[in-house]
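Look for chain A in each of the two complexes below; its partner is chain B in the first and chain C in the second.
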Partner chain A sequence: MDTSIFQRGKTETKSAHLVRSWKNKIFFSVVLLFALITISIVFLIIGTLVAKGYRQINWSFFTQVAPDTFDAMMANASGRLIPGGILNGITGSIFLVAIASILAIPIGVIIGIFLYENPHKRYANLIRDIADVLQGVPSIVIGLIVYLWVVVSVTKGYSALAGSVALAIMMLPLIIRSTEESMKMVPESLKEAAVALGTPYYKVILRVLIPSSFSGLITGILLAVSRVLGETAPLLLTTLGNSSVNWNLSKPISAVPLLIWQFYNDPNMVNMIWSSSLFLMAFVLILNILSKWIAAKKSIQ
Partner chain B sequence: MKKIGLFLALALVIASCHSGKKNSVALSGAGSTFVMPFYTTAFQKYTPLTGVKISYGGVGSGAGIKSLKDRVVDFGASDAFMTDAQMAAMPAPVVEFPTCSGAVVMAFNLPGITTMKLTPEVLADIYLGKITNWNDPALAKINPGVKFPNLPITVVHRSDGSGTTNIFTNYLTKVSPEWKSKYGFGTTVNWPVGVGGKGNPGVAGTISQTTGAFGYVESTYAFAEKIPFASIKNQAGIFITPSFASTSAAGKGQMPQDTRIMITDSPDSAAYPIAGFTWVILYKEQHYNNRTLAQAQALLKLWDWMLDPDAQAVAQQIDYVPLPASVVALDKSILRTVTYDGKPILQ
Partner chain C sequence: MNSDKITKYVLFVTSFIILIVTGGMLYSLIQGSLPSFHTFGWKFIISPEWNPTKGNEHYGALAFILGTIYTSVLALLVALPMAFSTSLIVAEYFRNSWFANVVSTCVDLLAGIPSVIFGLWGFYALRPFIVHIGLTQQGFGVFTAGIVLAMMIIPYAASLSNSVIMMVPNELKEAAYSLGATRLEVIWNVILPNARSGITASYILAFGRALGETMAVTMLIGNANIVPKGLFSMGNTMASVIANEFGEANGLHLSSLIALGLILFVITALINAAGKYIIKKFA
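And then the complex of A and B:
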């Protein structure tokens, strides 16, 4: 009868074994439970957005600007879909993020390379720490600062430029750190080989370092973009919103998160909140999956 | 990649310069979230008529005044008129005028009950925390035939600074000496009881999701979300349901020249007592920050149009209350005091 216990381990009694296996089971189920909670939050969010928002998603959702309250009210009263879409928000978000990327990517990548090349210099550590601090600055504070710097002083009014600057400031630390990290992944031997062949150092950076860490760079940039795409607070203080499509840097512009806020404040637009949120969520999700896919491709090489 | 980026940058700069010349007159404003549906709807009607593009941001009444103070918008919009102290803090003299009015309704969530009568005393007692249960005899007395449940009253108020709160607490101050001495009125007050909700949507949402909840929201929200609301006994002693006509009656009183008036607790027998105007604020001298005469003219013409029947009809369509003719006339005379280099802009 006791043989099975002796097979498992001579020093272990039956009760100690039971305790151990139960502990194992308990901890396993706790871990499983928390994992399930995390996963189910994501699925609940997506599920709720799809269930509440899918009806409004149609061709006009992507091709027309935000409806006015009267049209929405009439549509609600007769049980029709709210006409119009979020074209002004979509174009605004793309424009803002594009300008922010043009501002933030070159600076961020250059600083990232500097940090990688001079890992232990005093200034490098200082810059790294400051970048970390910048990452921790609340977005509303960035909005306030940009309001002072750009809205009041430069464009003398709410503008797309101000919004882009705010988003660029938020992207900068993310790009700096991801550039540095992906450069670290490049094998040292690759660099040494290039230097040994007599390549000038700037060419080593441009032709060896950047190309071989390219997928890492893109991943970092995509993550930074998806991070700022949903920002509302800094835009509320810098771009104001616009009910038509705008491609002018010095004029107010709309964005998808701003439209969601606007719809939230209008009782007739409730259905538009959900479809716009679904769109934003899907857009960010696609960017995230894309960056994961690129990162995975890199690790295979 | 780099070349593409550079090309994109160039293309964008060219595009922005180009479009900048085409529509030289564009106006912007910021402020009240309450009036935003009216303004954006009316502006979308105005743009095809004139080509003037207007962007409006619902950032809150206080933030709207701040934006105007920093001169980053052409106009500010506020649900509470500016106090003397606020006026003194502005860098230059401003003018303000009402554009429409709205009612604040007392919304509730009680299963099976769709109408309710309230006296000012009972309303104040609920917000003072003296009446805490729906089965209170005071409520039964003014509502014969309504069977109130034994349920605690969940009082809901705004958590953020708000013109709606200003109107509601102004009313409480007029009808309850105790409220006046203890809490007063303003865009935020120190609430004795209740839970807070962010914005009108927050309060409306809390009420519709909480059985036994009671709170004040702009009428538009109660109408749109079909939340039941109470009729209130006015100064003349008549129970009045908030409606287009009764809110309109509240605005009919004598308007002071500076338009700074609260229309709560109106003596008019047909008036709903918890109502208020919403204001637009402009600089009296429009030549600042290198503004062109064209820009100033566009701004003044816009607001002149917003007072005309076409635009005021838009207000009515989406449950705001148009201005009485006397107030429109006063507003138009105020608009004609706005100048560019000292000369009136509108004739």
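And then the complex of A and C:
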């Protein structure tokens, strides 16, 4: 207890008060400044992408495959736009994510339901902890492992399958945890009512649990998809890239982030970097907003 | 067997998949890195020399372990005040206002930006700036990578801190205000002590993220296989060297890269477990 306050004159306490209030104000200004800097990073990055990338976004950007380095060099030399687009990347990304979703969503949702049904069992806690560990594994390490598992052993070469498996492993923990969380939101009484009617367990899951937590499930899945859409490192080790459109699981395939990486490593392609980054960013953002919108709609009901 | 039992059985058996995947990962990493550990033993971890030249092959991870730690610690130090400030804005100063909404939306957006785009922005926007103000000759290095890494982990550090700060009981804050405390004093003497473990956990998890980030670091750290000599020195991290050298690696070289992956796996798993443990104790 500070007893000096009783001995000091009135003016002194006033100045002590002033010091405290100034400290308070300065602290607030610093906090506000740091927060504004953080916000401005987002605008800086998106602004750079838009300013440098919009020029290349045209019809052929979506309908043609990536140009080779010679065509790009000729275009740059004569001041024209670089011909070609990122069709091989777009189709590749869609293909990879679709296969990854087919692999990860059913398994993830089932494991999520398992965790929800056994909230405190020791084995379920172990599974939950392992899902958390898996979520923290760096993506490049997942790439390494899938290289050993699929590229070396199954497809004997870089392949779309390997990339899909890598992305599926990254999606799995996200879907498991979001399924469990959204199931927890389902009112217990709804489940009890179904059980009381003598409904079989699998029907309770299919007709009550999944439909009533559907928007939560979709939100989790969309977030998982938007997370793996931008992944580059594991794809470098598993799918390598492809200069043409590929729909074959056992062949190398391209993806938008992989194309960005290739353009980055090719001095002739600089302009293509920004337009493909802008496209990727827009795609990821739309998925994010969509999932937020679905989540918000749910909370109103 | 009735259908209920079958359903329970299906749920139970499916959960093995994640055990098999994670266990298999660890097994494959150990299996793949054995040749390297056999050849170099403990020296793999303590030797800073990394030479893939055929005939003179020698692999030691120390340079990359230190590079990873330097960049991640720098990232954490830079991200810490940023993430803490945004958390205070969202959860305390402007709680439930439009401004808090804007800030938290921006932080969410930041989390959605792919790593390779952060790398590009660092390469084309931040690196020239660093060269311009004369910090380094070419702009590559631990400093540049660490700054961009910091931007990438702010969302991870902030998101958990937000909810922890929001959970501090209002009565405690009101009691402090009624004694004449200022906002700063409430934050320092009421919010921080109450939310400390949760905030710590969020920074630990963010640190774990920084350790494994690959693309942005690969594009900015300079890719020199040396122990970084200072803040502005070039270097390499475990993740970036895997990404860089994987394409042309085979034999002992590949095994050593897998060994790096194993070290990265173990470190990030331990750090994540520590973070989750703190949260569990806190909750």
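Quick note on the criterion: the second predicted complex is superposed on the first by the 267 of 301 C-alpha atoms of A that agree within 3 Å, B and C clash if a C-alpha of one lies under 4 Å from a C-alpha of the other, contacts with A are read in each partner's own complex, and residues count from 1 in each chain.
Going forward, a residue touches a chain if its C-beta (ideal position, glycine included) is under 8 Å from a C-beta of that chain, and two chains touch if they have at least 3 such contacts.
Just so you know, these numbers come straight off a predicted model, no measurement behind them.
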Three-chain arrangement built on chain A, chain B and chain C clash or fit: clash
Touching partner for A:Trp247 - first (chain B), second (chain C), both, neither: first
First, second, both or neither for A:Trp149, with chain B first and chain C second: second
Touched partner set for A:Leu236, first chain B, second chain C, both or neither: both
Partner chain(s) touched by A:Met185 [first = chain B, second = chain C, both, neither]: neither
Partner chain(s) touched by A:Ile286 [first = chain B, second = chain C, both, neither]: neither
First (chain B), second (chain C), both or neither touched by A:Ala16: neither
Touch count on chain A, higher of chain B and chain C: C
Partner chain in contact with A:Tyr264 - chain B first, chain C second, else both or neither: both
Chain B versus chain C as contact partner of A:Ile105, first or second or both or neither: first
Chain B and chain C contact sites that coincide on chain A, given as residue numbers: 147, 236-237, 261, 264
Chain C residues within the chain A interface of the complex: 3-4, 6-8, 10-12, 14-15, 17-19, 21-22, 24-25, 28-29, 32, 81-86, 88-89, 93, 102-103, 106-110, 112-121, 123-125, 151, 154, 182-185, 187, 205, 208-209, 211-215, 219, 239, 242-243, 246-247, 257-258, 261, 264-265, 268-269, 271-273, 276
Residue ranges of chain A in contact with chain B within the complex: 68-70, 73, 76, 95, 98-99, 101-102, 105-106, 147, 151-152, 156-158, 236-237, 240-244, 247-252, 261-262, 264-268
Footprint of chain C on chain A - complex, ascending: 20-21, 23-24, 27-28, 30-35, 37-39, 41-46, 48-49, 107, 110-111, 113-115, 117, 123-124, 127, 129-142, 144-145, 147-149, 169, 172-173, 176, 200-202, 205, 226, 229-233, 236-237, 257, 260-261, 264, 273-274, 277, 280-281, 284-285, 288, 292
Residues of chain B defined as touching chain A within the complex: 5, 8-9, 12-13, 15-16, 19-20, 26, 28, 30, 33, 36-38, 40-41, 43-45, 47, 53, 55-59, 67, 70-73, 199-201, 204, 220-221, 223-225, 289, 314, 317-318
